[in-house]
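Two complexes follow with chain A in common, the first pairing it with chain B and the second with chain C.
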Partner chain A sequence: MSTSENVLDVRDLSVSFNTARGSLRALRHIDLKVPQNKIVGIVGESGCGKSTLINSLLRLLAPNAVVDDNSEIIFEGEDVMEMGKSDLQGLRGQRISMIFQDPMTALNPVISIGAQMSDILYRQKLTKAQKRERAAAMLAQVGIPDSVRRLDDYPHQFSGGMRQRICIAMALMMNPSLLIADEPTTALDVTLEAQIIHLMKELREDFECSMLFVSHNLGLIAELCDEVIVMYAGEVVEQGNVHDLFHRAQHPYTQMLLECDPARISETRKDLPTISGSVPDLVDLPQGCIFSPRCPKRYEPCNESPPGTFEVGGQHSARCFKVRDA
Partner chain B sequence: MPDLLEVEHLRVRFRTAGLVQALLKGLDDPFIDAVMDVSFSLAKGETFGLVGESGSGKTTLGRAIIGLVQAQEGSIKFEGKELVGLKDSQYQEVRRNIAMMFQDPIASLSPRKKVRSQIAEPFKIHNIKDKDPDQEARRLLKLVGLHEGFLEAYPHQLSGGQARRVGVARALSLDPKVIIADEPTAGLDVSVQGEILNLMNRLQRELGLSYLIITHNLPVVRHVSDRLAIMYLGRFVETGTTTEIFEKPAHPYTLGLLAAVPEPDPG
Partner chain C sequence: MLLYTLKRLGLAILIVCVAMLLLLSAIHLVPGDPAGIALGPRATPEMRAEFKALMGLDQPFFIQYFKFLGNVVTGDLGVDVWSKRPVTQMIADQLPHTVALTIVGLGWSMMIGIPLGCFSAVHRNSFLDRFTAVISVGCIAIPSFIVGLYALLLFAVELGWFPAIGAGEPGDLGDQAMHLVLPGLAVGLGWVGYLARFVRTSMLEVMGENHIRMARAYGIPTRRITYIYALKLAILPTVALLGVGVGSLISGAVFAEIIFARPGIGKMVVDAVNTRNYPIVMGGVLVTTMLFALSTLISDLIAAWLDPRVRQGF
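Up next is the complex of A and B:
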């Protein structure tokens, strides 16, 4: 696939953090692509490296982070790793927008919604009235009723679900090429969550924007995403289209994650499946496969060296010796 | 024999505006009903799930049962004894038997106290001298599947699942008969959710505990509850066995809630 079809193309990204205990290898050899107009879901449990990945894309890593020299992050044909200060400013918040779990991370409590939205357009040669008009139209588009009048309201005058809608409107104001949503509905009740997901589906038709959707909720990934990336302890262990991932998962970790989800178990029973053991220490990695200490399917090659990425078929691949030996 | 816990026609009101403000604004009723005409019972060894969205009154109901907010009407009986109207000092005894597990375990643990003192704290609060707090802390940690090394850990050094286990240990410290668990799995990874629910189930079998589980997570409550109530704007709109509610939901609000749960299958 050529880069022009992919808004984002991450190749062999490795990131470590210097810590008192030694080098913590938070991301190892990450490859991922976000094709034009597609929604790519990232699933993974806490500590798997989702935030480190997003921060790498925006070059917002903590000062103790070290990015491996081989790493490439190609965004619309440009290498983010090579970008200077002003390019990075254009990238953050304009070419790439973010939606967070807590809408208040993005909203200023003491500035009216209309003023915050107009501020986003500071680079554009529009009159104040035109900016307000754009803001009101955008609010209407994300389903805020009476949008013109509500421009003068402050964040606390909106409910949680409405605030998240406003954040989505703000994220779309600059017409970004990539929208990154980091657990955008985790703080919401299920009915509000369903409404926001429905809104995101609608918007994707209208805005032709590609999206990276981070969530640990498998149900949301299944409903919204075209492609799915499964991360475990700093590696992409499996990726493919949403049907391959949910119906033909190959990596033992993906398979177990699907089995654990209470929403996928229809019979009422009292003991739920779990993944025994815990995530390995990223300062002291196992010699073989990263999942081997917890893997029920482990066999001889697994303890010797880490598996590479093996094709299952088409765009579906998994980092597991079982796929190679199948 | 009466049930362990019996709640009848319970009503909890909160004042929304001061009296002067209410007069100025011409409000007839400066109160809201956080809990309205709620009745249910909990038997020994049973798990009752209380499902509703934020603001529906679930947490207020839980707090009313352990006497942290006052009930205006109705009755709460524990082992046949009326709790509504008890003085705070009389409620202390009740709180030994009905323990509360709070929503966010890391936030509800004091950041500067080691696990050892978090778990032993209830012995201090209740002025219990006939037990060695240190020995008890060790026993409780073992019961929830954590090794002794955790006694010296601070809350920020715990993973989400470990912090939940400490929360369970603390709730168990005074040998309660009922545990009210507010969102016991919120914010946990899927694989860890199962561990905590399985732990709670094992403790229920071993210790004969009864649970009142407060949650907005329908898939979770389906696997652990014997019976359910669906709460909306302070009222129970539907109650029944878990199977009845999932298979034949009657109230439109219940139907809406069930329909909103995302289907973990792309089709």
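Up next is the complex of A and C:
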């Protein structure tokens, strides 16, 4: 069964937000698989729907979100969309956990680190002392010195890099099968970023979990991920393994991202290169290809209907008529 | 923490000193000769001079001020110009009534206002949220003496559930508690609205913060998120507000004491003002300011206890 190889299998996920201007179609027909023990990277400019995608996985969307009925989110063989409240609580932080972008605001300022970590274990039948012990061990593992004593400290007593380490420790508390990292190093400087990435690589060996890694940083994606998904304006425009994607990019958007980056994938940079033109209005979508207003390779079919997803070869596919017509 | 407490204590003392300075200035600025008004038109100049000397009003302004402060330190607030009883003693008799009334008023407002605010924030835009919004604004708009009068009419006179006036039998705690219910409600009800709106606003703000999103993503039970993770932060501005708000609760207590004919500092001071019994006015205002300063001090300490960042800042 294919689901046993994929920890996560998202099929035809569409999400829109009710807004004053009408329905904002933030995600459209997303297909996505995260294979066992692999790291899948998601790239795309800000506003393309990365966070919406991630939040859908844990059913943590804003109240004005509407998920299309056809959407399926199969996690370890179960459809997350069908889960009840209690199942969801058993999923969040236990089987899927998340590391957020900004470590400075991700932790509760008035609750001690130890208490916040112990709370994640609330479903475990452990004594308070055992939970603390577990928390201290996790802190030690992510490189926080003097971890037992520091359990009683509060977030403001730690630096940004340390706080992100704490968040990572929290994410791994329950030994989840899927770890989602939403731009985990964007808020950190380059040195800290390198340290955190190094730590994540190290922990990956120890914890054997699959990972969904959202980033603006092409260099990091190339360094860390096995597979890459490129998103544009609420669609997956290209996906494939990291080698194919960086060396044989098919979609004009991916190609532009890579071309704009002079040192290509080697240079570490904070943001995606800017591409001229603006993102389409998600309330009023263009009729044809979503990228056509900005696409230099646009030709006749592009304005008529949106392209489907076409196989480039193997697991590599792109949503562009050029691939079909090649 | 010790240093923090000392700093706050210093501030509290400063508040009291400034308040007394203002009060003394007010006494001096009030038109008309206090002795003349107190003793009536037929008093002789000698009687007036004697009266002024008794109240210390014959001395230069700053001498009076520092003498008063000096006496305060030794616990001497002078004597009632009419009955010649020590003011300290009179205040000691009245103070517990006012403190109890203020605390019960505070209790009422917190007990209704905070859960109401939490509820409205959690069920934002629900029917009950809108309903509480109306109630809250209503509570804010209605002066406490109106609430007092109607509560008195309805619950004491019509329904007879609670006693109407007085403070209850001395020594009978149950009876005294029953006598506190209605005046306490009158004092606290105006604050229910403030608190509910205030708590709602800060809850909504906190609920939108990243760490709450994170707590949700970690499957922490919703109740725990609302009442521990969010409320512990959202309550901080409310604690500060209440610290200051006790001032207005005390002034509400003055009305309640008059309407419900309860003993207390408020009633004592109002009576004293009418007879220009300045030592009592001074003493009464002094202890109310002290109460006020003390409550801001306590609210600061509670905030520090709740918030480690405040604790560390001092």
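The definition used in the following text is that the second predicted complex is superposed on the first by the 310 of 326 C-alpha atoms of A that agree within 3 Å, B and C clash if a C-alpha of one lies under 4 Å from a C-alpha of the other, contacts with A are read in each partner's own complex, and residues count from 1 in each chain.
The rule is simple: a contact is a pair of C-beta atoms (placed from the backbone, for glycine too) under 8 Å apart; a residue touches a chain by one contact, two chains touch by 3 or more.
Fair warning: this is a prediction, and the values are worked out from it, not measured in the lab.
Novice: Identify the partner contact of A:Leu91: answer first if only chain B is touched, second if only chain C is, both if each is, neither if none is.
Specialist: Second partner only.
Novice: Check whether A:Asp31 is in contact with chain B, with chain C, with both or with neither, and answer first, second, both or neither.
Specialist: So A:Asp31 meets neither chain B nor chain C here.
Novice: Contacts for A:Asn108 in the overlay, against chain B (first) and chain C (second): which applies, first, second, both or neither?
Specialist: A:Asn108 contacts chain C only, not chain B.
Novice: With both complexes overlaid on chain A, does A:Val242 touch chain B (first), chain C (second), both or neither?
Specialist: The first partner, chain B, only.
Novice: Of the two partner chains, chain B (first) and chain C (second), which one does A:Glu133 touch, if any: first, second, both, or neither?
Specialist: In the superposed model, A:Glu133 contacts neither chain B nor chain C.
Novice: Examine A:Glu183 and indicate which partner it touches, taking first as chain B and second as chain C; both and neither are also allowed.
Specialist: So A:Glu183 meets neither chain B nor chain C here.
Novice: In the superposed arrangement, does A:Met256 touch chain B (first), chain C (second), both or neither?
Specialist: Touch status of A:Met256: first partner only.
Novice: Could you figure out whether chain B or chain C reaches more residues of chain A?
Specialist: In the superposed model, B touches more residues of chain A.
Novice: Look at A:Glu72 in the shared chain and tell me whether it touches chain B only, chain C only, both, or neither; answer first, second, both or neither.
Specialist: neither
Novice: If you lay the two complexes on top of each other, which residues of chain A touch chain B in one and chain C in the other?
Specialist: The answer is that chain A has no such residue.
Novice: Spell out the residues on chain C that touch chain A in their complex, using ranges where they run on.
Specialist: Going through chain C, the ones touching chain A are 209-221, 224, 228-229, 232-233, 306-309, 312.
Novice: Show me the residue ranges of chain A that touch chain B in the complex, using the header's touch definition.
Specialist: 45-46, 160, 186, 189-194, 197, 216-220, 222-223, 242-243, 246-247, 256-258, 260-265, 268-275, 278
Novice: Which residues of chain B touch chain A in their complex?
Specialist: 53-54, 159-160, 187, 189-195, 197-198, 201, 216-220, 222-224, 242-243, 246, 256-257, 259-266
Novice: Considering only the defined contacts, which chain A positions touch chain C in the complex?
Specialist: Residues in contact with chain C: 58, 60, 88-94, 97-98, 100, 102, 105-112, 119-120, 122-123, 154, 156-157, 167, 170.
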